[in-house]
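First chain written, first letter: the chains are A, B, C, D and E, and each begins at residue 1.
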């Protein structure tokens, strides 16, 4: 049985997945008479290609997407849900996975996705600069205030050194908003998902005030920075708000340029720690035959058992078993981030979520660009989100 | 006269320098080790052929640049020939012949030029999969034959050929088709070359459609292969390889252009036989 | 036949009969009168006439057929789709013009619309002026001209994605080559892609860089059609290089400039790859052109009906602008 | 049956009517010359006959068959364009051989015929040049060559010799006449050269503003012009015209300049009629003192070697052209007396129609 | 100081040498006419003077200043192109007014001057037409108008009247002469029309194959040609030439046709020299029986109204052209005897150089 498998993984992810596919085809695949044909499609073009092929009923038997896409594909009827028997036959067990990531593959009560790994938001910090600024490189800031204080100290080091960088546009803008929001209030929406939750305005106001304080402190570049990793690699920035998928960039910078970086969980601003995350989910598009599905599941199960290799590409594993592995425990960075697995929040698995994300992104961009103040931004959020729901 | 030449030369030099700057760094850094990118600057401080080696040999996950170049060459040749065969007669008819619906057809044609191409993709894909042409070279080629721009360009040029020449040929006993083939086509040679070059470039660089319709190295075109290559490793660290691939794969087009341009600019002025 | 004085007859025949040149007939063969061209009474003629009326259709048919299948149909279908709530697997519901009405009441659409308009206002004049100037500079022979030409055309052979990636890097404020060069020249560097006011301009520069050679090729072929003796006449009339350009080149190049104008409008309103790769619509949404919106609606949210409606609107805008061009050009 | 017939043919370019109600019948083998002032419609007529220009009204028949809408190719005509219309992308040989090539004449024969024609046109050495590398006269000869290399029923020549030097023009004229005689083809020929018109034509058609003024043999037109226009147009220098009113007084004419004398008197219409008197410059001679029929002050003398063209101003303010013998003793400013042969005088009525 | 001087000027197109070692000096206000066979280099010379064609070798001076590399704009010349070179996108008025517009002449003045010139050219009613809507002659007049509307130092006319009818040509000739007199501008004029050349020129330059044959006033060239070529080229019909060897025998000439008579004998070179004898057609007259100096059989008669051109074939096989009076009693096939005025006979040596 030969199946097509399309992924949007580029960089180290891509290398890892193609190694795994090759290994699978030689070992378990060969045993089970399953051959996986991998096609790694650059993420810019992935949606176009996948959706066009889905629309024409020519989709591959297996694919991987970010978890926020699951409700959309599912709602369009582009996917076929996994049945409990199927999963069981393949040896895939819900309980082996971190619940939040498993649930991200669910839509309207059906299971469409099986998670592969997660990528939460967190911070990278520059140990050398910390040292220069008289901070302890081994105890990174854990709260908003500490971050600010550290950034101020680093900013003072020189004209072209920035205290910190955080995303002011694009996906980072709304992801960081959510991370902070959930620290104040676990619910974005009301019960029946028709409007924002009761506490939304208050929580959002808190978040925006926190951010305003960061802006006012004047410890970050005025404009959007396209590729903070490069500044970081040049020892020109102290703290970067980013996500685990960038880990390899920093590793490379460490190897090539001797940069000493550290990772730390997303700082706490609100009442309790929380951070935004998404997962990669295996999906089976509609139209695959029963044999294809079985073959695909065989592969999913096989990859699931290799969570560690996958995590090494800059992920937090979804499979609980990985955390117990010794080699995982040896990876300091990964452990640091993985420790926050209980505070991870996924965006609600609803169709409108990407639209809401867009509303939040645009509102935040307007806020960062100075086109709206705190109150206006909160109102924009409330109105915008309500209209998308 | 000398002074004017010098002036023109200087102006061209300035523009060329502006134009070549990105190209130059593209080429320079395609010879640099990947890490050079992070340090910036105008000229890399270290040199290597590694990027090109990777481009030529690395068949990362089955994507092969040489194979893609072969595919692209075949596709380009077929498309250029096909487009010329279709467009040149049609453009002549649109420009010079009288027939019912001429302007209607022409403006319909023009309208499609204005439609964002991305909209056609789904219908085309369905069509191609209906014909079983998904992931084949023919699947890449066919939709590229129906391009409007050649019609548009050629029509304008045909309109400029003096009527007297056509009349003289008619007097000489030429049939409609002979007037077209023996008089109009040679006189529009610069325009036809232009369209051929433009079609070739389009064919070589077209991305979206080949991306969607091809899945395997056997049919992948250069841009698709390059984009897969760029998906190979971490974006920044792979920069130089992408640059090398870009430069390497554009070499055939540069050569084609170097030869083709003489044809554009050495045309015969259609008015030179007329008092 | 009216009477012709005999002496004139004789005169005429004597030309031919004069002994000096009657040895051989220089021009025509003796048997000529019998071997003349087709008689108009030839029965074949009637068939030819029919053929003539068919001829234009024979010339356009292959093209129109290809066109109809691979362009006409998909596009008509896109227009059809724009009247539906259309998801990834096809129509859900006929909604008439609702997609359009939705768009017209959507702030995002208008924001995009103005961004695209601004882009066109920057891009089209730059293309028009530069392409004509460069084509004129490149037209006549000059030492090294083919090198200059190749340089201008080089961007055409680099695919858009690679160019955009390369520019992303060149425009980096800190490590990018462009600021490094500006710095070397003593000019201030810019944050090309990260400042809202600049990003759109930067993208338009890159689009210009990529497409200019294309326009120049077309214009060069057009310049080739202008007879030299007009320039000669103009030079005698006292015209300098600039006046040549204004009074001779541009008026006679108008039909070709029309192509360039329409194509640059098309490029401006359909700019996509550059934006997607360089800014992805940012910073702060300042480069979300209409096609970006179309792409998001169509291929991220699968609101294909809405996406098609945007496409139709883009088409109408371009067509309207082009129509105005056609009008203006024709009146001259 | 006439070879070529035009019946009530009219032609308009948009609102501009350039040919009005044109009638002409040309026999097979006839040599017809069109003359007329610049812009009168000669080229347009030729182009209509060739089939290059739509006929707005009327009917064109070739060999008896209506041809208004017949393709040029089917008409069996060859044409020398006034603007040459050479194929810029072909050599001289290519230009001339193109028609033969189209009719699938064997290569060797094409070559041979091209060479023969080139020899006639005195341009054998230019066969490999492109039109842009030729002088004006050379281009014109290529245009001629392209037409005469074929053997059509009807030749159409639009000022084919206008850019050639005198010697060449004489040669070419002779070659064309010879061709005409050999092929027996019908020829229609536009020229501004009186000598050409007079020597080559069987029939001259005089046109003005798109209308036929007179059709006739060269001598008819010279000696017997139908109206003022033809009289003025044919003959060089132009015929002199004197406006006058017929009177019953001295000499029968009321004119400041002219003494009619008995020879004219006989032809005069009733007194009071306004007429125009036409006298050719060649009809004048210097008068013996006392016999003057006209006097004038010499304002211009052109000595051409074989004749002297003299312009005079009469006391009545008229400008008068005369052709006198080469050594005629006239000089600028002289006051001279002239006589003329009364039998050569032509009379026209107020509308320009010929009286006698 | 001469207005225009060309010194040892040469011109080649690639390997083709079209002007060789050309020397000419033109005074200010002079009217110079270039004549020569088609393709001899007249247009090329004009274009070099105008600055449109590079000068391969030699020097061109205008007003004493070396001008080889001066921009056309700065030379102060206006030119009528043989090919017209009208601006296709401008109206007639626009074409004519373009030069003035470039020199920032006020609009009202441009308009006025355009109208004035249009009137001279008899095309006031065509001012709003585009060139493509004009007849050949009308286009040519626009080209003339474009040149004469300005007031340059030097006018260059390349066959400016070739496509005009006789009447218009006479008018235009006169207008150009008037313009010349009024402006005092230098004019260089190419024509194939002998009448034009003879009447308008102060100085005629005869060219052949890119080389000057003779420079002189019209009458000088007619009466006193420097060589065979000039003698043959100037005058129409062409001068008759007889090859002969000087002998000491009867009549001093060894020629099958010619009896020289005493008048020539005096000028003859030593016996044995090969010479060519030239006699203009106009020098012949029908001989009274017994006085014949030549005989021949009439092979062609052209009656032009004011003269009769007759072609004869001599017993020696020569073709002979004569111009006889209008009513000369000659007809095809007649055998006639001719006399000629011995004082009008020209002698040339074997290289074509004039002897006497």
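The rule is simple: contacts are C-beta pairs under 8 Å (C-beta built on N, C-alpha and C of every residue); 3 or more make two chains touch, one makes a residue touch a chain.
No experiment lies behind these values; they were computed from the predicted model shown.
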Starting at chain A, fewest touch steps before arriving at chain D: 2
Comparison of B-C and C-E (more C-beta pairs in contact): B-C
Identifier of the chain whose CA centre is least distant from the whole-structure CA centre: C
Distance from chain C to chain A - Cα centre to Cα centre, in angstrom: 44
Rounded Å distance, chain D centre to chain E centre (Cα mean): 22
Computed distance of Cα centres, chain E from chain B, in Å: 56
Distance between chain centroids, defined by C-alpha means - chain A, chain E (Å): 93
Per-residue multi-chain contacts in chain C, two or more chains: 8, 11, 15, 17, 37, 52, 161, 172, 174-175, 227, 295
Shared-contact residues (touching 2 or more other chains) in chain D: 71, 73, 82-83, 103, 136, 150, 199, 219
Residues of chain A engaged with two or more neighbouring chains: 44, 48, 55, 227, 230, 234
Of all residues in chain B, those that touch chain A in their complex: 35, 38, 60-61, 118, 121-122, 125-126, 129, 134, 208, 211-212, 215, 227-228, 230-238
Chain E-facing residues of chain D, complex: 13, 35-39, 41-44, 82-83, 133-138, 141, 158-159, 162-170, 192-195, 198-199, 219, 222-223, 232-233, 235-238, 280, 282, 302-307, 309, 323, 326
Residue numbers on chain A that touch chain B, as the complex places them: 4, 9-12, 14-15, 18, 38-45, 48-49, 52-53, 55-58, 227, 229-230, 233-234, 248-249, 252-253, 256-257
Residues of chain B defined as touching chain D within the complex: 162, 164-165, 167-175, 178, 182-183, 186-187, 189, 268-275
For the chain A and chain C complex, residues of the former touching the latter: 44, 47-48, 51, 54-55, 72-73, 76-78, 168-170, 223-227, 230-231, 234, 236, 354-355, 362, 365-366, 368-369, 371
